[in-house]
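So, here come the structures, one by one.
Same chain, two partners: chain A is paired with chain B first, then with chain C.
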Partner chain A sequence: MNFSLGFALTAMVESLKGVPVTLFLIVATFGLALPISFSMALARVYKIFPLDPLIRLYVSFVRGTPMLAHLFFFYNLLPMVIRKAMFGLGLNGNLVYDLNPVWLALFVLLLNYLTFMSENFRAAILSIQKDQFEGAYAFGFTKAQAYRRIIIPQAMSTALPALSNSAIGILKSTSVVFVIGVRDVTANAKQVAATSYRYLEAYVDILIIYLVICFLITRIFQLAESRIRRR
Partner chain B sequence: MVEFIEYVIQVVPKFMKYLPLTLEMALAAFLCGALIGLFLLWLEIGPGRRGGPARLFAVGYGIALRSVPSIILLFLIFYGPQSLFPKLGWGRLPKPVFAVITFSLIYSAYFAQVFRGAYGSIDKGQLEAALSMGLTHAQGILRIVGPQAFIVALPNLGSMMVLIVSETSLAYLIGVRDLMGEVTTLNARSYNVKTVELYFVVTMIYWGANAVIERFFGFAERKLRQGRGNAP
Partner chain C sequence: MFEMRGIKKSFNGNRVLNGVDVTVDKGEVVAIIGASGSGKTTLLRCANFLERADEGNVRVGDKWVDVKKANKKDILDIRRMTAFVFQNYSLFSNKTALGNVSECLTTPRKVPRDEARRIAMEALTRVGIADKADDYPSELSGGQQQRVGIARAIAVSPDIIFLDEPTSALDPELIGEILLLLKDLALAGATMLIVTHEIRFAMEVANQVLFMDEGLVVESGPPREIFRFPKEERTRAFLRRFTSDFDYQI
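Our next item is the complex of A and B:
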């Protein structure tokens, strides 16, 4: 047995420096995905023509391919495209190489979780009985009002457990973004481990960090759920 | 554009050699995960008493394994025993084995959830009827409830297999030469100028494989549902 507690502490301090990046990725991905994925779910529920088949294709693509491949693919493709486009507009495209990889990671996480969250919302909207709409229209509500006052509050309480799963999924997915050079929790831990060849301690440390963040996310969603249910 | 297509056609065969390894790892993880998942379900709803150690273990295992990122567990399983017990020779095992162990452990927690949901969706009356016909409890579960629950679980099992195939791509991070590992090799060999093409090809191969898997599960579900009008 050789597990050095002292090194585990050093590695913990180093790894904790990555927590803001990890939290930023979770919050930004989830926050941006909420409105977009809800609109995507509406487009699919109402079968709006060009959008519905396109979103279906997109969902099948993201479900069937690894996020790791998306990360590498866009990490190599996007800067190239943006650079060309910026030169085309007469701007200095080389600025693109100063871009923090965090933004690319955010883009790929969003690309992935939009599909999962839109499926969460779609299931939730479909779970609402038709007579809820009919009842709202009978009271003279417009479609928008019916959604705002009747459908969304009910759909939210069905969607929340699934959304909480997606949020935990985002947390777990952030652990691979180190491959494109984002300095998150995992990246910091790996670096500290590599300098001293003590991998076990560093990985146990980040395990603890991820468990704590995961616990917090679960708690937040439990609170949100109990608040929505009370209304 | 023509150059792009020519290169893509040229490298596809190189990747196809590594597709079997990816699929084998995924299938092994799927089967082991399903077995461990069944065992977890048995711990959770089996003969153990409520609040007993078996149930606590099953519930705790589920929570812990579902909140750990796959690569962290992969690294822990790869490096952990090696550094704690260096004499065991753990590091000499073939590398895909570590990936299979990791994904079996992680997905067994999800399998337990899927099986529990499927088991719960079968009406209690089915087991009661089986018992009243003189079947033992085990027979009732195996012959009456099990087959019905399996059909309910099939769609979820299909998406689980798709997820596992995508997840095995992480195995290259411990040095497995699967599809993803091959991209890195070819990328280095072509001096990083064909990166976009290579990742495009590998993404399409994963997508194709997973489309076939989805079709297969859809087909299996339709076949098994035939003549069972009462199944939901």
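Our next item is the complex of A and C:
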């Protein structure tokens, strides 16, 4: 067995071309999941019917099934449904085949990480002492004002370490979206490796890339934490 | 002027308040005393709807509210005309001392930011912790936190301040300074309804003392009458416990 440094470098350059897609998936998933998962957490904390039982069902379904299976399932299901729907609306449904699979990947990632992040937020909201609400109510805050000014900022900083874990989880999960044809870091590495039959070099490269991105994410959250957490 | 009439409240079928009347005139200090479980704190919490009474009326200034019919706006109105000092301070842990005070002006009362900061700084100066304005509650001692709690209460210039055992969570050496601060407020004309175990404070500062037992005001009157010549046996029994350890020595 020999390790070609030269090829490792070539493969690195190719793999790096997937970084924008990987980063996009992380940022978009996390960014969209923040407000939605927080709302889900609220619905659960306040046991809002019928959202509360529905979300519980959804969370247990997603948690109990692998994301890879979701990718395969929705890759087959969604385009079909969208195509039908578009034809139904008098649009050219065949356009759905031009759709970049990255959107499907985003959908599945979101589907998965909404559950984790809503649990992160639920725990954070539940950890806030009742007196924080009472302090606000006693001075005439409406419920919305209390949430906006007092509760959400506190829940955010409490949830930050757990959210950091979720963000890293998203990063790692992006590595399987190549199965539906997304050109991410892993997909690029696999392709360049396949053309030369040198897999080891390419896979070492993506490990390094993921490690670096993971380090960056951790760093960002550390900075955010030290910013918020002076209390 | 503040009034509560015929306040009744049960928790799970357990009667805690049995038709209580309270009147606090402008500039007056009324102290509520009584054993634990007599309903003092619940009464105070019913005054600003932190707890919703089952029956009765609450009046702040010209606003009368029937607790049964009170809607969200009535409750907000009452809360925005009053202030509350908590036993455990209940400061916002994500806000500095200054932020805790100014937030209560900007968010619910729509005071412009700069003016709110100015008023908040004034209030912090008045309670003697202007130098801690930028500290978070977790960086303050109990006594300092309660000062912020009091600053928050005076900054909103309320018709009345409700104080729920404001010194009960404090170390003994800090109790005195907080009581002194409250006395200064009283002398400056603040209207206060205070639940307290500090008999001497009630004696010196209150215009009127209510003794509560089993959800009822058993006896009320000027402090000197209540403490020196209690008419009711229950009041006497309660006060005996206190007079014996007014000054405890070892």
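Here, the second predicted complex is superposed on the first by the 228 of 231 C-alpha atoms of A that agree within 3 Å, B and C clash if a C-alpha of one lies under 4 Å from a C-alpha of the other, contacts with A are read in each partner's own complex, and residues count from 1 in each chain.
Definition applied: a contact is a pair of C-beta atoms (placed from the backbone, for glycine too) under 8 Å apart; a residue touches a chain by one contact, two chains touch by 3 or more.
Computed from a predicted model, the values in this text were never measured in an experiment.
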Quiz item: Based on the superposition on chain A, does the combination of chain B and chain C result in a clash or a fit?
Solution: fit
Quiz item: Of the partners chain B and chain C, which touch A:Gln191 in the superposed model: first, second, both, neither?
Solution: neither
Practice problem: For A:Ser39, decide between first (touching chain B), second (touching chain C), both and neither. | Solution: neither
Quiz item: Which one hits more chain A residues, chain B or chain C?
Solution: B
Exercise. Would you check which partner chain A:Met80 touches, where first means chain B only, second means chain C only, and both and neither mean what they say?
Key: first
Quiz item: Touching A:Gln145 in the superposition: chain B (first), chain C (second), both, neither?
Solution: second
Quiz item: Does chain B (first) or chain C (second) touch A:Ile206, or do both, or does neither?
Solution: first
Quiz item: After the fit on chain A, how big is the angle at chain A between chain B and chain C, using C-alpha centres and going to the nearest 10 degrees?
Solution: 100
Exercise. With the two complexes superposed on chain A, say which partner A:Ser157 touches: chain B (first), chain C (second), both, or neither.
Key: second
Quiz item: Counting only touches as set out at the top, which of chain B and chain C does A:Tyr137 meet: first, second, both, neither?
Solution: second
Quiz item: In the superposed arrangement, does A:Met67 touch chain B (first), chain C (second), both or neither?
Solution: first
Quiz item: Is A:Thr10 in contact with chain B, with chain C, with both, or with neither (first, second, both, neither)?
Solution: neither
Exercise. Note down the smallest distance between any C-alpha of chain B and any C-alpha of chain C in the overlay, whole angstrom.
Key: 24
Quiz item: In the superposed view, which residues of chain A touch chain B and also chain C?
Solution: none
Quiz prompt | chain A residues within the chain B interface of the complex | solution = 1-3, 60-61, 63-70, 72-73, 76-77, 80, 168, 171-176, 179, 186, 198-200, 203-204, 206-207, 210-211, 214-215
Quiz item: Which residues, counting only chain C, touch chain A once they are in their complex?
Solution: 48, 50, 72, 76, 79-80, 83-84, 86, 88, 90-95, 103-104, 107-109, 136-139, 152, 156
Quiz item: Inside the complex, what are the residues of chain A that reach chain C?
Solution: 131-132, 134-142, 145, 149-150, 153-154, 157, 230-231
Exercise. Can you check the complex and tell me which residues of chain B touch chain A?
Key: 64, 66-73, 75-76, 79-80, 83-85, 159, 162-163, 166-167, 169-170, 173, 180, 183, 195-196, 199-200, 202-203, 206-207, 209-211, 214
